Each structure stands twice: as C-alpha cells, then as structure tokens.
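Shared between the two complexes below is subunit A, which has subunit B as its partner in the first and subunit C in the second.
Take a look at the complex of A and B:
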C-alpha cells in the first residue's frame, strides 16, 4: 500500500510463535530434569502437575477460593491502577510536589512491604479488606512512579504545539497529554499488575481462610507437594497471560516513539 | 507613490512597501529568564523593536544562543516579554496565541502516536473543519511536502528532515496569516534546502501570508527574504535590518546574481564579530 508496508510481518509472527513454543518446551524439559534430580517428594513431574491441576479444577470446593482471590485482586487493581494513575498524574503536573514525592516513593518502592503487614492487620483485621490493602500498597507505588514520569517527561514542544493550535484544556488533555504519556503509563500498569498479584497472594498466605494463597500455605503445612505445584502452575499461567497481553500493548505503543 | 498604495492589495507586488500596514510588532521588548537555583538570571533578548509589514518575508539571522527562538515565542504569544509590548493585527498579544498565527518549532514537534497524515490533519480536526475539507487540505499539503509515500507511516519511521516537513505541513494546512518558522530546514541537505526554499517562496506568494523565518544560513536568509534582521550576540538586538530588494517573483536562481553574493558578504561582515563574541572570543584571540 505505502512504501513502508513491508511483507515481513507474516514471517515475523510465525517466528515469534515458534520461539514461544520452543521456550515452553525448554522450560518443560528443565522442569522434568529437575523432577528427576530432586525426586517425587520435592517436585512433581510436569505431567502429574497438570493432572493434579485438572483434578482441582473439577472440584466444587476449589472455585470459591479462585473467586475470592480474583475478587481481592480486582479491588486491589482498581485502587492501585486508578489511584496510582491519578496520584502520579497530579504529581507529574505539579512539578514541585513531584520533586518532593519522588524520592519518598522510590524509598517506599524499595521497602519490603511485608514489614508493614502487622500494621495492615491492625487496621483492617483478617479477611478481604486486609488482602486488598496489601495488594494495593504493592501495586500503587510503581504505577504512581511511572505515571509521574510519563507526565513529567512529555516534551514541552508538544504542549507548545497544543497552545499554537489553540486547543481547549480538555482537547489538549485528550489529544496531546494522554497519548504522549500513554506508553509509560502502560509500562507502569504492567509492573503494577504483577506486584498487586504478589501482594494479594502474600496477604492470603498470612491472614486468611480463603483464596489461593491460603490453599498454598495450607498445602505447605501438610507438605502436599502436588497441590503446591498445581497452584503455582495455575498462578503462573494466569500471570503470564495477563502480563503478555499488557506487554504486547506496551511494545506496540513504544514502537512508535 | 501614494496613489499606488491605494490600488495595492495587502500583499505588495514588488519590493517591500514601507507604506503597507504593520501586521505584527514588538516594541521595547526584553526577555529575562529568572534565576533558577545557582543559575543567575539570563538576559536573553532585547530591548528590541520590530514591525513586520503585512505580506513581507522577514528573515532573522544571528549567532547561536542570541535569543532568536525567544523572540519567536514572544511574538507568538507563547511566552510573555519581561518588558515591552507585542501586537498582532492591531490587537495586543498576551497570554495566548492569537488566531491566525502558525508556528514551526526548532525541535521536532511531530506527534509519534499519529501517522503522518493524522499529524497533518491534527489542527484541522481540533478546529472542527468538515471531513472533505480536511481530506482536501491534508492530501494537498502531504503531497506538496513530498510525503505522499509516507502518509500512513509513523514519525519514528521518518528521517529528521521529513519529520520537520510534517510539522511544516501541519502548520500550513491551517492557512495562518502570520507564519513563524524556527530553522525549519535545519535538518536538510543544501540541495533540498534550496528547493524547499523555492516551495516556501511559492507558498508565500500564493497565500499572501507574512513570514518570519529564523535561520542560521546567511545565504538562505539573503535568498528568501525581503528583509533580513541581523542580531547581536545575547542579549539579542537587531544590529541592522538589511533590505534585499528582490522582486516578489523570485526563486533560488538568484543565488547566481552578483547582488546575492554582496548581500551574503554584508551579512557575514555584520555577524562575524557577534559570532566570535557568542563563541567566547576564542577565534578572535588566536589571531
């Protein structure tokens, strides 16, 4: 169609999928070798793990735990994504606050959040709200830092262009600020998702009677390796699926700039 | 003379006409950037006066860092002068960019998230033109700037010079009455520069717009403009406003005329000292 439309993409997609399957196959092989080396009691084989997972997914009692984790994750992500985006945007626009807040945020980011856990428990007690709070504090900080930088690093000449075109503040926001900042914001959401999931599971492991994190800590107590492995596989599949989708979007947006 | 002014349209046909109306002006303008932290305040510009006559092509030359871009921002209403006043079409300029002013910035201002075509259409869409008019103007401008093959490409796929042309097209489709260009051909080779100069002259003649062109190429200033403002080292002031005396119908072939060489030479003699000052006397001292 145009001079830049090359006929490469079809080939590239094929190669990407081949690479993907080779990678998966490699991981399974490594897993199997580790299983042979460590023995049945420490690491179940790939086949047994998948079989156990399918078995679990067939049990009626299993699904409420999945639902509980998804619910906690949903609320945490809501707080982390939207809260972080709003906070980061404000700090990015207001330069002075951004300068003051950034080192504090970076310090909080480096702080192991588990040290705050007793505090969270005291405030929220056991149950859903503690998990949500714990997930949210993991995710909100990277989302905020990325959003702050995304807004602060918008090239001034774009904003000058918006003024020369006499855009209304709303038009400038919608057609210049948002698209200019979007690639970095998506990067932040991607990292925020991974950390929020981690936070929710940690929350479930230490103070809950419900959820996948609780099932894991329970299985650890019983030394039930097949269940631990099956749950780890389930969580890995979920995390990889969501992260890949966000990464694909992220790449697409970053390619243009 | 007075009679001919009566019959003359806004854009004069031959040489710059001193009786033509003032289109934009700066009077007693200075710009001082306030101190930031350890940095002392920077006196970037002026005091300086300039009347741009309606329909003229005015070029600004001056050593690097002398305040050319600062002058452009003040004139466009993007930045308020520390002292003095700015007017456009008789109205004071303050706080916002007046309608009818187009600016092409020195840096690349093409939007990386839009295709070339959508970049050029950007201002028209915001201003609410109807779709067919947008298509007509954008197709024309994209072709005019030699970007037709790249209409659906993103700026990341273009060279620096091509991106700058996207920005020029994006400004021109809005048909501004005053066009401010900050080194728009900076990223182009000499041949393309001359050709783009010709295109710019053609466009200027067709539209009757007033043009202020900042350039670091003295020959480009001498070839394109009716008047050249030679600026001193920072804080920038006009040392001399040089009239070129070219006819309105002109193109890059005037580079072979004797008077072109004389003009360029004269501009260099004006700027040589100032350029030495701007680069810290080093060249002068070695002698």
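Take a look at the complex of A and C:
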C-alpha cells in the first residue's frame, strides 16, 4: 500500500478518488441490474430514487421529520459518547473493575437490543425520550468498551515517564493520557455513531409519530417502495459521509501514534 | 473460579436481586415490568404448554442459516478483497460505515421479491452478519506475519496451501472475533425482521404480546432471548480465551 504512495505521492490521492467513484458507479450498475431483474414494483431504479429524494427534499412537510431525527440523534450521541467515555475511562483506570466489567459489557453488546423496545416504551412512553433512550443504549456500550481498552492499553512506560518527570495530574492528562488513548477512543466513537443512528431509527420506527424512522415504517405499511428507497438512500449517504469523516480522523490519529 | 469471576457473578446476581426487590415492592409497577422470578416461572409454563417450541425452532433455524451463510461468504469475500488492494482501499469507507445503514428497511422490498417466507428474514440476518465477518477476515489477513508468507513462498506452496496452512491459522483469533460478531448480528437481523413484519418467530410473538398488553408472555420471551444469546456468547468467549491461552503457551 505504502509503496504506491511513495512512488507518486501526487497521483495517489487522485487514483484513490477515481477508484472510489468507479466502485460507486459499479454499485449503481448492480442496483440498476437488480431493478431490471426484480421489476418496478419491488425496486425502483437509481434515477427514480434520486428524483424521488429530490422531490421529498423540496417539500415543506419533510423537513420537520429530518429535524426530529437529527435532534434525537444529537441527544443520544451526547449521552452515548460522553457517558461511554466517562464510564470507559473510569473502568480503564481502575484495573479490577475493568476486568470485572469487560465480559459483562461484551455480553450486553451482543444482545439484540431490539428485544428490549417494549420495555423502553413502557418506561419512557411514546416520543422523543424513548427514541433517545433507544439510541443511547445502542451506542453507549461500544464507546465504553473502546474507551476502556484505550485507557487500559496505554504503555506502562509512558505512565512511568510521566511519574519520573513529576508531571502534575493535569499535565500528565494533557501530555500523556489523552494523546495515548485518543486514537482508540475515536475508533469507538465512530462505531458508537453508527449504532446510535441505527438505534434512533429503530426507536422511531416503533415509538414515534415523527422522524425518518416513522416515515419508513409508514412507507413499509403502505408498501410505498419509492419512498422506502429514497429514505434508505438519504440515510446511507448521511451515514457514509459522517462515518468517512470520522474514519479519516481515525486514520490520521492512528498514523501519528 | 478467580476473584474477578466471583465479583462479576456477585454483581450480576446482585442486579437481578435488586430488580426483583424493586418489582416486588412495587417501586417498578407490574405494568412496566414483572419480577424476574415471575418471568422465569412464566417461561417455564410457556415451555411446558408446548407454545414455546415452534417459534423457537423457527427463529433459531433462521439465525443458524443466516450465521452459516455470513461466515462462509464473509470469509471467502474477505480473502478475495484482501487479494485486491486497490479495490479494498476504495471499499474501506463503505465497509466502515456499513452498520450505520439500517438494512432492514429493505425487508419489505425483499418480501415483494421472495414472498412472505423465511428467505427474506435469512437474507436480512445474512446482510447484518456478513460484513462483520469480512472486516475481521481482512483484519486477520493484515496481521499474518510476513515471515510466514515468505516461508510459504520458499516452500513453493500453492495459493490454496498458503491459505489453508498459513493464512487461516495465523488469522484465526480475528476470524473468531468475526464469528462471534456474526452470531450476534444474525440474531439482531433475524429478530428485528420478525418484529417489523412477519407471521411467526420469537420476535413476532414478543411484538404480538406487547400489542395485546400480555406482559407475562412478553417478558417470558424476552428472558428466553436474552439468556440464550448471553449463554451462547459466554460459551464462545470461554472457548476463545482457551484458544488464546493455548496459543501463548505454544510460543
């Protein structure tokens, strides 16, 4: 991989982007072939889907739903990323509680949390809080696991160096702990984002009268395939965009360390 | 059992006990949640009445099918993608953001194509599981020591031999992570599909019980899923730890 980059540093970026767009073009072709195979009723063509999406984006009633989803996503991310980071850091610093908690967290991570949605609804009722809770329980666990491992796996020699140089706790935090743990923490936040979005949408599908998830479950009920496809495309574009940005940050931090 | 294990057990039992006390004393209303002991009793009754077996076999069968497809296809796709570095670099951002796309929105589309059978559910479970397997296969192949590959080349091993004798064993821990995730994601995909639109299976039964305010059946089924998935995962976790220990000892 690096050999290519060393040969032609100027062309590598260009080629990477060309490859990426070729891949996207390939996916669109596959989509179109599937459309031809499955028929108009089952799968709308790429062109129609984009046209439908643009049509939806042009309508005034559509935007409050987007806003509602973004608001729920914002609150859930706030809880998941800050809560997970705090919890993970504490568990990472205190070795014994980390050892005790890790398998429990891993077990919780693997649970199909959708099973719990009736419980969440019974506790929070319909509306924003249920969606936020649903998003947060999806996102908080991977963030915690990654933060825990990030803090626990800091090389002991770094911490010893900090002690030898008699850094104050604040200095040690700023110059040793944070830079050492940050790459893994960002990886955790990336996965946390993906799962939080999934959780919020699931929550909206069952527990809401507003938001994109609600529009999807509505379209599913009416078997309105163009709307389903247009919304799926919108969500996929949003998810890939945010995730790619976090991935780029992630790569940069990992390279540096 | 180690000290850590005892503390962990105490915490788990303590939380269940606390939940039991909160429910029994009425702090958590019975309309919200029934005590864990009642859930177990209801689950036992459900099992004895024979109503549990059909949805359980259906759901577990679908999960098993989705899981096997994910692992086999994921591994093969991982090998192919790893052999094409240019394609892989282009694919990476898509793989990384794959799980943010809620795939089960395509479930109704699949129903239109394949009919209201088990096939759309298995496909959704497969779509959820396969990418975890691909990502971990790639991760594992990245970490095959170069020296081993050189040894393979020196011994003039064929591509197939290299894959079976060198790549597979040295990537095994990562593949195992992929397998573990594939189990979890197959469960999630299958049960989520059953929740949304289906006529049978545990997910459907939970949604049905919820809509009918049948808290006892609902919590019994929830308990069943949670304990089954946890038991399965713990078994895999213990197996993995043993494998890792043996590896370190062998070196």
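General observations
In the analysis below, the second predicted complex is superposed on the first by the 247 of 257 C-alpha atoms of A that agree within 3 Å, B and C clash if a C-alpha of one lies under 4 Å from a C-alpha of the other, contacts with A are read in each partner's own complex, and residues count from 1 in each chain.
Quick note on the criterion: a contact is a pair of C-beta atoms (placed from the backbone, for glycine too) under 8 Å apart; a residue touches a chain by one contact, two chains touch by 3 or more.
What you see is a predicted model, and the numbers here were worked out from it, not measured in a lab.
In the superposition on chain A, contact of A:243 is made with subunit C only, not with subunit B. Of the two partner chains placed by the overlay, neither subunit B nor subunit C lies in contact with A:30.
In the superposed pair of complexes, A:14 makes contact with neither subunit B nor subunit C. Contact comparison for subunit A: of subunit B and subunit C, C touches the greater number of residues.
When the shared chain is aligned, no partner comes close enough to touch A:82: not subunit B, not subunit C.
Once chain A of one complex is fitted onto chain A of the other, the partner contacts of A:123 are limited to subunit C, with no touch recorded for subunit B. Contacts of subunit A with subunit B, set against its contacts with subunit C after fitting on chain A, overlap at residues 1.
Looking at the complex, you find that subunit B touches subunit A at residues 73, 76, 78, 96-97, 99, 101-103, 105, 107-109, 111-114, 122-123, 126-127, 149-157, 171, 174.
Across the complex, subunit C meets subunit A through its residues 4, 7-8, 11-12, 31-33, 85-87, 89-94, 96-97, 99-102, 105-109, 112-113, 180-181, 183-184, 187-188, 191-192, 195-197, 203, 206-207, 210, 218, 222, 225-226, 229-230, 233-234, 237.
By the touch criterion given at the top, residues 1-5, 155, 157-158, 160-161, 163-167, 171, 175-176, 179-180, 182, 253, 255-257 of subunit A touch subunit B in their complex. Across the interface of their complex, subunit C is touched by residues 1, 16, 19-20, 22-23, 38, 41-43, 96, 99-100, 103-104, 106-107, 109-119, 121-123, 190-191, 193-195, 197-198, 201-202, 205-206, 216-217, 220, 223, 225, 228-229, 231-232, 235-236, 239-240, 242-244, 247 of subunit A.
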